[in-house]
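Order as written gives the chain letters A, B, C and D; numbering starts at 1 within each chain.
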Amino acid sequence: MATTTNSSVRPTAILLASCPDQPGIVAAISQFLYENSGNIVDVDQHVDVDEKTFFMRIEWEVVTFGIARESIAAALAPIATQFSMEWQLHFSDVKPRAALFVTRENHCLYNLLSRYENGELNLDIPLIISNRDELKDAADRFEIPFHHLPITKENKAEQEAKTISLMHDHGCEMGILAKYMQILSSQLVDAFPHKIINIHHSFLPAFPGARPYHSAFERGVKIIGATSHYVTEDLDEGPIIAQGVAPVSHRDSVKDFIRKGRDLEQNILSRAVWLHINRRTLVAGNKTVVFG
Amino acid sequence: MATTTNSSVRPTAILLASCPDQPGIVAAISQFLYENSGNIVDVDQHVDVDEKTFFMRIEWEVVTFGIARESIAAALAPIATQFSMEWQLHFSDVKPRAALFVTRENHCLYNLLSRYENGELNLDIPLIISNRDELKDAADRFEIPFHHLPITKENKAEQEAKTISLMHDHGCEMGILAKYMQILSSQLVDAFPHKIINIHHSFLPAFPGARPYHSAFERGVKIIGATSHYVTEDLDEGPIIAQGVAPVSHRDSVKDFIRKGRDLEQNILSRAVWLHINRRTLVAGNKTVVFG
Amino acid sequence: MATTTNSSVRPTAILLASCPDQPGIVAAISQFLYENSGNIVDVDQHVDVDEKTFFMRIEWEVVTFGIARESIAAALAPIATQFSMEWQLHFSDVKPRAALFVTRENHCLYNLLSRYENGELNLDIPLIISNRDELKDAADRFEIPFHHLPITKENKAEQEAKTISLMHDHGCEMGILAKYMQILSSQLVDAFPHKIINIHHSFLPAFPGARPYHSAFERGVKIIGATSHYVTEDLDEGPIIAQGVAPVSHRDSVKDFIRKGRDLEQNILSRAVWLHINRRTLVAGNKTVVFG
Amino acid sequence: MATTTNSSVRPTAILLASCPDQPGIVAAISQFLYENSGNIVDVDQHVDVDEKTFFMRIEWEVVTFGIARESIAAALAPIATQFSMEWQLHFSDVKPRAALFVTRENHCLYNLLSRYENGELNLDIPLIISNRDELKDAADRFEIPFHHLPITKENKAEQEAKTISLMHDHGCEMGILAKYMQILSSQLVDAFPHKIINIHHSFLPAFPGARPYHSAFERGVKIIGATSHYVTEDLDEGPIIAQGVAPVSHRDSVKDFIRKGRDLEQNILSRAVWLHINRRTLVAGNKTVVFG
């Protein structure tokens, strides 16, 4: 897998872990880091008392650490085994590669590309995939390869298989649905479990499905919302990463709802992406722990 | 009906009207006020383009008006007829009388009573009705008669009939459900159509019904809400007057949701009551026009 | 002046007016429109009771109106004179032309261009002006002429004169400072009074001047903000059009403040521009009336 | 000092600590708790990278702990000394006692008393102190002793000395200024350093001093705020604990600002009090670390 290096920040190792809650976890991890001269940059923990589950994110400097980068995972393994941890180890200077999915609306795309260009999002975007071609020009402008994969009932399985291949070929570990107006089948979802982020244009679980602004308008709500979540097989039911809201009034038409909603959609999606690629999210059942 | 006079503000007449949208409405009303030396204090209008309906709230000083208070309605009637208006005429110095309904939680009650005492809410509260007796002491403290009307399946119709009588006897034109944990039947709702205000502890239409904080917690939302609405026969489906939200995180338990939700509930209910008694709300189908 | 026509919406005339409050204004205007078959699409009014000033925005369809577009101003003049109005008449199908000013940060620029491309902002952007050249590539991408006018103490007057010429040559009636990190002198401000919109990265009047995020961090605030305002000669003191806020915590560094602030800056600036070009703002002294 | 016991929750010990950042702190504390069978309920940490300071809040069950309650402080002392910690040890079943200070406005008082009565605030309120007598009736209603201590320039030192005595006599460790419209002198502030919480009715540092709503109205802001902070000798300059905001428009008068501001004031003050008495705040210089 091709990765690029972000040399402008001092690289860190990030451990994301969860396990059954039990005494000694923090002591074991912190002792391990202390003994190996780990300079802790950030640490956050959470205990889900109902589920008796422990969650942790700990970040420490790589260069000054007593264990070489390539040996850290092996050194951590015994602790992980002892406490029955599910864990991920990441390095801040290894940029995740993401495929962007779009349809016709450009606002989430531009918001992501702006942040990408100004260095706010530590990721690589090797390709844009779309079921339509309206945003090809936009992709060309930013010199990102654009793949037009129109979807019909007949070709859906085939096009999704092609999508998976493209993502693998480009070393993509994740996908970002930036107003991609197609439902993913389990084939694609399962290929990237909890690695595909969607933005839904309502305050879920209110107004799931299509045309949520129209539904919100019909209901006469006074606040609209947007929800970013991991994609699962159950439409609009995946673990929520971030939500945002904006006030509306009787003066606002559906068109105004849509206009005001765009502000939410682009910011909430970009926030969720930022949280994910900075390894600040852990999925627990159908919820997220977000070390924000 | 017994009413009290708020002499500290210059009294105004308030016309709330809606009708099919058509040319000449504003001209007719404003000409009528101009010809009778009406000193307009506030005016707000709205056209629902889809429904082709016109809404208006206009407020003018009574004392300097060329038509005596008791003759205004008759003078307005021809215009109202001409444009097929539904209309209400109110006077700011006639305080509406409201029955408060509570169960066990005190926060909405205290919030309303604080505003009542400090003069923010221009209403009278001649009685508190409850299906339980936990808040009798609180009512006693504020010297407001407390009526304990416990509800069972068997006595519900009877107790609601008693409630209606009590409200009529005390000259109440409206009811405020300040965390009243009982569903009203159509008997009571129909006696005060669009005159009973409820606070629901969720961001409707998400999480209707009972235990919304528990449902919100289960779903893993990142924002909770509260909704104040007019009570209709369809539970939690009435026209929304006001909504509010607050952020939550994985650190918040259901108990924290409930605690944080109280802030929303009390403020949103009091805001809805303020809007209603200042004659700033118009119901249109299942929505509200709120001249806030 | 070159203008373009937005044929996709039914064109309207928009009257923005303010005058000393007095009886009969609404009657006169609404009578005028009624007599000439004006189909009112939207109307909003406000009376500043302290200042005894009346404000109005009224919008009606042009095509069905009884007075030809080019004769409306003359027909309105007598009413305007009678009530000593300050007034502006606009047509929704005449797009304002705006010069964009940028320095190095791209987020406000991209946000505006996204909205411009998707038709949300009814304006033309014939040029981008910058005191630096970092965003030339971005301008090129969107094929908008880029003018690099670096500013020194010595050449400031000259460069601003050039700026004014450029704006006049391109038919620009307004300027948008999309993170333009230069203080405008009165020469430039006076050439476009209340026609240049700035975004300041703080919740004014807190933290005026440079480096507001650093000041906010130093003070230990729990909420940060952004403010969009008309540029006046008094730096950061112009009439406020829109403000937005976001929560921060002790976990946020100055860098995080800046990152979170970008969300606010781009949305608040774009909202202010939207309000201005839809002729929804009126300046009154050092405040705005915003018919939002 | 008289304290009461809240037996309804399982008691916890809470360590709040800060020290120069250095390796091994977390390892030492977590090892200490692990060796003594400490069942950690909640833990939160923060490193201020600029100031190189480490902050921690850790909460564990008392009953199952291997060290008796009265011996915990002594057992912790060596670790505290080793890392040069400033630290506080609290027990959740020891309710802090607070003096409430009021003047004329009742909303913050009622909000606190509602939460106090419903058990949300784990504190005791043995007395209310006021420079005026308007709220004596309210205090009587809730059967809380009311002390009327009017302040003049001449008697200020004397009355504050009396205040300090009263607070000591009633075992008060803290004060809550619930719209107390008097500036405290250093005599009183120094007697309870970072133990007196104020609510200021603006979004500090905007509009410090008196009449902030009037100033905000004059400036034409579109959002108002409220700020709760620890009282220090520098007026309105103390460490901020919590802030809140609400939108306003040109339609809002100063009176509306005040009305809308009350919602903020009462909720923000109560939130700050909740954070403080749950030992979730640490003061660092002129800022707070809030483990919310």
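A few remarks follow.
By definition in this document, a residue touches a chain if its C-beta (ideal position, glycine included) is under 8 Å from a C-beta of that chain, and two chains touch if they have at least 3 such contacts.
This is a predicted model, so every value here is computed, not measured.
Taking the mean Cα position of each chain as its centre, A sits at the greatest distance from chain B. Of the two chain pairs examined here, B-C and A-B, it is A-B that is joined by more C-beta pairs in contact.
Work out the mean CA point of chain A and of chain B, and you get 42 Å between them. A straight line joining the Cα centres of chain B and chain C is 37 Å long.
With touch defined as above, residues shared between interfaces to two or more other chains in chain A number as follows: 49, 251, 292.
Interface residues of chain C, counted against chain D in their complex, comprise 46, 48-50, 55, 203-207, 219-223, 225, 239-245, 249-251, 253, 286-290, 292. The residues of chain C lying in touch with chain B in their complex are 23-24, 26-27, 30-31, 33-34, 37-45, 47, 49, 247.
Those residues of chain B that touch chain D in the complex are listed here as 105-107, 110-111, 113-115, 117-118, 120, 138, 141-142, 251, 259, 262-263, 267, 270-271, 274, 292.
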